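Pasting the structures in now, so scroll down.
One chain, chain A, links the two complexes that follow: it is found with chain B in the first and with chain C in the second.
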Partner chain A sequence: MNVTFRRLQKTFYTLRGKVEALKSIDLEIGQGEFFILLGPSGCGKSTTLNLTAGLERPTAGEIRFADRIVSSPERKIFLSPKERNVAMVFQSYALYPHLNVFENIAFPLRIAREREIDEPVRNTADMLGIDDLLERKPAELSGGQRQRVAIARALVRNPDLFLLDEPLSNLDAQLRTNMRSEIKRLQRDTGITTIYVTHDQTEAMTLGDRIGLFRDGSLVQVGTPDDLYNRPQTPFAATFIGSPPMNVIPSEINKEGDAAVITYADGKSELPKDKAWMLERLVDRKALMGIRPEHISMVTTSESISLAGNIETIEPLGRELLYHVRTGAGNVLVLSSDEELRLGDTVHLLFDSSHIHLFPSEPGAN
Partner chain B sequence: MREERLKKILLAAAAGLTSIFCLAPFIYMVLTSLSGNPDFLLPTKSFTLTLANFTAVIFSESAHFMAYLRNSLIISAVTAVASVFLASLAAYSLTRLPLPGKTVLLLSILALSMFPPISLISYLFKIMSGLGWVNTYAGLILPYIAWTMPLSLWILVSYFAQVPMDLDRSARIDGASRFQTLIKIILPVAAPGVFSTALLVFIFAFNEFLFALMLTVDYRSRTIPVGIALFEGIHGQIPWGEIMAAATITTIPVVILTLIFQKRIVQGLTRGAVKQ
Partner chain C sequence: MSFLDREFLSGCAFLLPLVIFISALILLPVLGTFLDSLQRDLPYLPTAFVGLDNYLAIFRDGGFWDSVRFTTLFVLVSVPLEVTLGMIIALVLNETFPGRAALRAMVLIPWAIPAAVSGRIFELIYNYSYGVANYVTHLLGVGPVNWLGTDLGAFAAVVLADVWKTTPFAAIILLAGLAAIDEDLHRQAQVDRANFVQRFFKITLPVLKPVVVVTLLFRTVDALRVFDVIFVLTGGGPGGSTDAVSLFAYTYYAAGDFGYGATISVLLFFVALGFSLAYIKMARFGEELK
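Entry: the complex of A and B
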């Protein structure tokens, strides 16, 4: 089932005034797609999920499940969560503490007065590897087991839409990686359209077919993980996706003969041919240049186009080292496997011009 | 180590003193009820063990003690169940629904409970006689429900507020209506609060004296506290032995109820519901 949001808005009125949680969201999520809502806290991603689930009413706009309008204040339509046949997994798991695992999973079936309860519950428990825990109470389970019960309870009645709200945030790192691949497998096996909220860009990149990046109640960019990583449209997208984050350096673009050159403090790069259109878009030649830490090389001898700086911090990441270099153009992160360099060393940075991203300097101008 | 020991000794001493302080009247009551000479604390009289007071209270037709006990149990039980049920509906709305002026509402309910009952009793009597409800169960149960409602509501609101909202949201997603959510999720999860509230209301109604004195006439609806207070010996003397025997029997239901519900009250509130 595909899901469509049209000019979806949500405004909260609190004692401290009006909060525009969602400004105007237009989005279409395809049948069977694993869609990620990504963004920092308070960006509107959870609100979008709650509106989709029917836990909250939108202020304006429309939500459609396939051809059916499930929420539209203009047409005075609002379907309850029950009528939408959605399932949801909460960050807190939200298991019913007085019921054992079997009854927790059976709860939606009992509410719907299904005749068949035993078999679907056991099948779902089997699928999630918790069939030996059915008699236990939630208090007797580990975090990972609780999360599995929560997922089983969501999947047991074959929902049309599967919603997950930061489901892995409360798990430790090892378990999180395991559950991540398990959720991915389950989604592929069941083929249920899935909307997954997270603030963790790694989760977003590994799980999602597509990602919707939110900021301050608006969608900043929608695309595949590859789009967001390799073709970020704003400095925000550039710095939010990828770890360590992309460097964003204030710079200036000037024509030098045939070519255009990007200047940042004492460093220079040639403007890539495919970004020549940037020249026309710029106001007073100022731009923000983005470059990922892995696309910068460090040399010890100065070159005419290199950017000089001092090593301020070195973070070993295992396979590589992350250098924080203070330069005339601000702090720059560099990933390198060079282990010879020491704190305080003067280095010269060379940027791989084929991996340079350019953004107009006024935020939101594109 | 010595400090640890001292702490333990002081703790034990404090616990012991508190227990003695609380239990002394109770022990005196039980001893008096078992005494052939109810004034046995006077040095001139000696303690003789007897069950005569109990048999007199239980088997005497004219004392109507068993009728009072039955009235008390029925009235208190109905009051407790009704008060907790109504209060839980109110507590659900106050903790779950977007009502304006919740705090004002809660505070005015608290203010209501501060009226001294004595100021209401004459008018209450007029209402009840107008309705023809004097000396009926309903005539006591309704005022008791009204009178215990603020207490029930305040306790339940504080317990319900601790039940994570995610459980409600989850239940709604699972297709439950608000009423189903209350009955199947919130009440069981808040069970310790519900049981302690019910127990408190029960004890309140069980011990209530003023309304019961004014609104009952005879054994058909009179409750234990009034019954005991109006015990009189054949020659007008105060039969302390029988009064204490009656009081001892009266504490039994309350003690039993407390023992039954103790486990549920002590039990953790939301163990394992959500990650904390």
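Entry: the complex of A and C
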């Protein structure tokens, strides 16, 4: 089932005033797609999920499941969660503490007065490897086991839509990696359209078919993980995706003869040909230059005009080292396998111009 | 001295103050009352050990059985009313709406008023000629009710006064329990397509069960010992029809028959203890802890 959001808005009224949780979301999620809602906390991603589940009513706009409108204040349509065949997994797992694992998984079936309960429960439990825990109470389970029970309960009644709200954030790192690949496998096997909320960009990159990046109640960018990583459209997207994050350096673009050059503090680079259109778009030649830490190399002496700085911190990441270099244009992160450099060394930074991203410096002028 | 021995001794040391307090404030009085119940303890005769004579006398005392009958009825009617109404109030107060905090505080007022005062207020409300209760019955087209002068009227009056006074207590305990339930459980149940009634009976109530049992326990034991409301409102009347067990014991204490009064207290103590144990078993606290 595909899901469509049109000009979806949600405003909360609190004692401290109006909070615009969602400003106006337009989004289409395809049949069988694994879609990630990504963003920092308070950006509106969980609100979007709750609106989709029918746990909250939108202030304006429309949500459609396939061709059916499920929420539309303008048309006075609102289907309760009961009338939408969605399943949800909460961050807290929300297992019913008084019911054992079997009854937790069976709960949606019992509510729906299904005739067949035993077989689907056992099959789903089997699929998630919790068939030996059916008699236990939630309090007797580990975090990972609880997570599996919550997923089993969501899958047992073949929902049209699978919603997950930060399902992995209560697990330790090792378990998180395991569950991540398991969720990916389950989604592929069942083919259920899935919306997954997370603030963890690694999760988003590894799980999602597509990612919707949120900021302050608006969608900043929608695209495949590759789009967001390699073609970020805003400095926010550039710094939010990728670890360590992309460097964003204030710079200026000027014409020098035929070529255009980007200057930043004491350094300069040639503007890549495919970015020449930037020159026309800029109001006052000011831009933000984005470059990922792995696309910078460091040399101790340089004949060309390059950004110079001192190494301030060195973080060993195992395979590589992450250098924090203090330059005239601010702190720059550099990934390098060079182990010769020491704290305090003066280095020149060379940017791989084919990997330079440029953003207009005015916020929102993209 | 081994580590375990020292561990044990320090454990005992921590428990000691509690043991002393409980002994001084609860155990000794209970034991004293128990001993007194085995004695003839009258102001005008020398005190003497009489064994179980007091108990045998009580079991043959029609007035005692009347008070037991009234108290049982009182518990059976007032406690379910209080806990049910308390649950409804708690469910409402657990929702988010403007003015909730003020309403929460206001709901507690009846409970904060001393029983002697609220008893007097109810006495005025039930007054045959100028009480509010009969004004209401008049508006409803029912003739004036002789609230405190008939058996049924007095029973209803006493139950109403007690329900008014102690429902807030039940509501506040239940509200604390409700507030502790993870909101995600309700949301999860909603997504699992349970309607309001199903969510209450299949999720809220079972999860809240230990708190409900504690509320029932407090209210039952309190209702078994009911004294102040009745003492002020009816004094046990009319014709002893609202004579609660505590009031019955009190009349003997007041008359100076401490042995007989103590015997009634001991019986009441064991009934209350029995209820407590039954409720605790019902809540299965041990299992929750495991």
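Simple rule for what comes next: the second predicted complex is superposed on the first by the 366 of 366 C-alpha atoms of A that agree within 3 Å, B and C clash if a C-alpha of one lies under 4 Å from a C-alpha of the other, contacts with A are read in each partner's own complex, and residues count from 1 in each chain.
Here is the rule we use: a contact is a pair of C-beta atoms (placed from the backbone, for glycine too) under 8 Å apart; a residue touches a chain by one contact, two chains touch by 3 or more.
Just so you know, these numbers come straight off a predicted model, no measurement behind them.
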{"item": "Superposition on chain A - do chain B and chain C clash or fit", "value": "clash"}
{"item": "Partner chain in contact with A:146 - chain B first, chain C second, else both or neither", "value": "first"}
{"item": "Touched chain A residues, chain B compared with chain C", "value": "B"}
{"item": "First, second, both or neither for A:173, with chain B first and chain C second", "value": "neither"}
{"item": "Partner chain in contact with A:88 - chain B first, chain C second, else both or neither", "value": "both"}
{"item": "Partner chain in contact with A:111 - chain B first, chain C second, else both or neither", "value": "both"}
{"item": "Touched partner set for A:138, first chain B, second chain C, both or neither", "value": "first"}
{"item": "Chain C-contacting residues of chain A that also contact chain B", "value": "53-55, 80-82, 86-88, 90-92, 94, 96-98, 107-108, 111-112, 153"}
{"item": "Residues of chain B touching chain A in the complex", "value": "164, 166-167, 169-176, 180, 185, 188-189, 191, 268, 270-275"}
{"item": "Chain A contact footprint on chain C (complex, rising order)", "value": "182, 184-185, 187-195, 198, 202-203, 206-207, 209"}
{"item": "Of chain A, residues touching chain B in the complex", "value": "53-55, 80-82, 86-88, 90-98, 107-108, 111-112, 137-141, 143, 146, 153, 170"}
{"item": "Of chain A, residues touching chain C in the complex", "value": "50, 53-55, 80-82, 86-88, 90-92, 94, 96-99, 107-108, 111-112, 153, 163"}
